[in-house]
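Should a chain be cited, it is by its letter among A, B, C and D, assigned in written order, with residues numbered from 1 in that chain.
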Amino acid sequence: MSQRWEGVFAALTTPFAGEEISVEKFRGNIERYNRTGLAGYVVLGSTGEAVFLGDDEAERLVAAAKASASLDKILIVGAAHESARKTVELANRLAGLGADAVLVKPPHYYKSRMTAEALRQFYFRVADECRVPVIIYNIPQNTGVPVEPPLVVELARHPNIAGIKDSSGVLANLAEARPQAKADFRFFIGTGSILLPGLLLGASGGILAMASTVPELCARLYSLFREGKLTEAQKLQLDLVPLNKALTQTMGIPAVKYALDLLGYSGGLPRSPLLPLGDADKATIRDLLRRLNLLTA
Amino acid sequence: MSQRWEGVFAALTTPFAGEEISVEKFRGNIERYNRTGLAGYVVLGSTGEAVFLGDDEAERLVAAAKASASLDKILIVGAAHESARKTVELANRLAGLGADAVLVKPPHYYKSRMTAEALRQFYFRVADECRVPVIIYNIPQNTGVPVEPPLVVELARHPNIAGIKDSSGVLANLAEARPQAKADFRFFIGTGSILLPGLLLGASGGILAMASTVPELCARLYSLFREGKLTEAQKLQLDLVPLNKALTQTMGIPAVKYALDLLGYSGGLPRSPLLPLGDADKATIRDLLRRLNLLTA
Amino acid sequence: MSQRWEGVFAALTTPFAGEEISVEKFRGNIERYNRTGLAGYVVLGSTGEAVFLGDDEAERLVAAAKASASLDKILIVGAAHESARKTVELANRLAGLGADAVLVKPPHYYKSRMTAEALRQFYFRVADECRVPVIIYNIPQNTGVPVEPPLVVELARHPNIAGIKDSSGVLANLAEARPQAKADFRFFIGTGSILLPGLLLGASGGILAMASTVPELCARLYSLFREGKLTEAQKLQLDLVPLNKALTQTMGIPAVKYALDLLGYSGGLPRSPLLPLGDADKATIRDLLRRLNLLTA
Amino acid sequence: MSQRWEGVFAALTTPFAGEEISVEKFRGNIERYNRTGLAGYVVLGSTGEAVFLGDDEAERLVAAAKASASLDKILIVGAAHESARKTVELANRLAGLGADAVLVKPPHYYKSRMTAEALRQFYFRVADECRVPVIIYNIPQNTGVPVEPPLVVELARHPNIAGIKDSSGVLANLAEARPQAKADFRFFIGTGSILLPGLLLGASGGILAMASTVPELCARLYSLFREGKLTEAQKLQLDLVPLNKALTQTMGIPAVKYALDLLGYSGGLPRSPLLPLGDADKATIRDLLRRLNLLTA
């Protein structure tokens, strides 16, 4: 992958109008993100409620993202199904609509059968048949199936497996796999609270839900590290932790969307079964944004 | 639900010819099952590799099952998506093709958000909008999201929530919820090794992967219990345990399909990422069937 | 083991007077239990807060139990340490004080190292060196280290390993191991909600915390099963489930002790870090006992 | 705590001669560690097989450590029991023998009862009654009971709770709690693979099993960070990861002890139920040490 696959990527939400996806609001958000220091976008990720969307909705969102994203932004698209066959089908369809790479989480319904060998064959087949680079997506808190470092090292040898987004929070994974993987294999931190230490260990950047709400702060954290301003970077990293925890751990997507509403983006409500945010949680989010000087009132 | 919603249901596999589903083989299997003492069939369940299938494939299989199943057999169909909206859409489409009831597992991708309240609202909405009765599907080893007894009791109050298939192996769930649920709420045991003790505590029957390989033995176990022949029932139950463990715990779907091949049904291979059975496992399955006097050689 | 190792054993609590153990209250409880249909007692089990006690306290309790228990009651004593060496030392000391058998849970601090082989060697060494029979104690919800059925079958071959108390709630364990273990290997159900179905599959009885609060009801459940009165047994089993869940799952030891206070035994408070029961939980316990007609007010 | 509570502490092993502890070998190891850049030692930690030792053995080891440790080395001692009462007793006895602070893991046998409130009361009581500072020990992979950041922040307010050793591997814990805890609250990284990123986020140092085998490399990693030599530090950190993983994750204490034997310390065998290292694992350890240029052959 080229040098530019570095920096902070925002994991985008999917705005709805009533029960339907709103492509208009989605494009409005992206147009605003275009003016930030983000390296690119992830569409149809966990933050994007991809598991709630139909294939037609997925296609409309990717086409819209391609049309709206400025040319310098990279477009990564989630494309995961439980079977290799359907994953490849979807990935190639979305590649045809403009995805620069696809993010593929491991199959996980038949947990006890998802041995290292089963995952190896799955990822190799997907990578063989996929028209764009594949990025592994490790998020065991949602899948229950970790992609362990020794397997990552093996998968990294495939010419079409370009990187990994690791949302496990286990930084030792990166420390173990980084030195053994090819030099241009990309490690993206998926946990906003440990972006800085991840960069120190050799990560190329981050793919963060938090970056959809505070893109400039996340991009600045990345820049501070690259410029060697560690003290400032450390302070900013620690300042971002409470917001990140609320958005990704305590409250999740409904909170990301509520924060977007407060910050002038199109947030809105999630689809069922995700519940809307309660009043106490809303107050917490407002308070967290205020502490970052992002809300005036 | 009527009195006949009792007994043993086979969780059917999905046969493939090469990479495609084989409706012909599927119908062939059902025609043979029609001559057994099974109460009915579950199509598109965990055993059916439903998570690997497209919606079009799902529809063809349900239509074929409806066409092939004899009139006295009940047709339960798996219809689960992560969102309420898509679950209802699919369920009603499959109901239109002949499903007598739909089996709905809880949404589970956003595990930490799937509180009792979120699940309650999900199931109530699905039940409200679904044209056929809904059966809850508790299988925490695959979903990571248990449907706990107090919630089951609450859900059982909905007129269109007709029962539960519990594959957790935790018989205390049944013991807790059974007395508090409406009299005609159906508890189906999803673990072949504990069908008999489940019946003793008030289960209506079982929905079993094992029943697709040895339907007559499973049906006989049910009948022995109903006839009060407990000693014979206990012996048969214990005799079935090693096979059930291999089929559902140690080896899974590839073993169910291999056993079907040995027993004259159409088994075949699973879809990727499930791996084919190795030689040692095949020998174990042959041995287990021999001990049940189901193989002559 | 002789024929009499059957029936319901009460897992006894440890009464305190202030911060110290009260041998007097302990003996008072046992004297009352002597007049019930219990088969025997377990001292120093999970219910007995054994992990909070010093070795000197343990010895005093076992000596007191031996002195107080009537001759027809079997005395099983918990004797588990993380090392084989200390387990044997403690077990033999307690055997010298009158323990008829010792209950030994698997070492579990170094979870990832507790392979089947490590557990096998541990139990064989303990059984070799122990002067009284060893009963395996499977309680993975507390230890995080399950003793799986294939290992149980192997351990059952040792002449001094006499049985297992299984508190996992997974009745398939019993169904798998029972037919392969020696005929006089004892399976004791450790979950009060599934005693009856466990007996149906071949268990010899139960070792139950609930039996310390309602010994006669538990003993009657066992007798009803032995007498073939299944309908009555089923009703009683289901009636006991709510109490059992509160005592062992929702509230734990503080609730067992509070129930004892209500029922005329010496209950009292647990040691720190266990917290005393709150008022709402106390009301629930009173209500549960009333529903079983055990409280007049 | 004074300024000097910083740097790398070695989690010491316990050498045995046959079945007995060898105080002589233990002192020999410490005398050699005295000549390294370690900040101090942890005796009776997880690496020290503390759970296998009797109280008398614990006392002899602490006395020996006090006698052997040079005056500039800090002596932290593990002192954990399941009850507050016994924890305090042991802690104060070991403080009397020379422990500068005690390391206390949360009670964890009654997992479902170990709520934040129960842990809060436990730690506050222990800290109130303990004569030396208390360091919290978070090691959920062994205990199954995490001490979550909000509770850590609360506990840090107690004047006698001086710090935490976090072996969870979850660096977000540190990032969350560090800014909210008092300035001199010490965070020690317990995972050798993430010492450097932990320091970047504000950790005071590390308490590492690996540091008992390669004390100088661990101390150098700490120094490189303090001197701002990040590139060298990053390289050394990544170089240490494979050894750390083998010692603490894949193989555990038997591997730590075998490495010690190879490096001229007294290692030896662990107590049962820990199994001796197999030949293949031994070869791996030799290879890992060779790659770090620590073995000549």
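Operating definition for what follows: a residue touches a chain if its C-beta (ideal position, glycine included) is under 8 Å from a C-beta of that chain, and two chains touch if they have at least 3 such contacts.
Treat the numbers as computed from the prediction; the structure is a model and nothing was measured.
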## Note on the structure
Comparing A-B with B-C, the one with more C-beta contacts is A-B
### Query
Roughly how far is subunit A from subunit C, going centre to centre by Cα mean, in whole Å?
49
#### Entry: Separation of subunit B from subunit C, taking each centre as the mean of its C-alpha atoms, in whole Å
35
#### Entry: Chains grouped in pairs wherever the two touch, ordered by label
A-B, A-D, B-C, C-D
### Query
For the complex, which residues does subunit B have touching subunit C?
169-172, 175-176, 178-179, 191, 193-194, 196-198, 200-202, 230, 234, 237-239, 241-242, 245
#### Entry: Residues of subunit D that touch subunit C when the two form their complex
19, 46, 49, 51-52, 54, 81-86, 107, 109-115, 117-119, 121-122, 125, 141-142, 144, 249, 252-253, 271-275
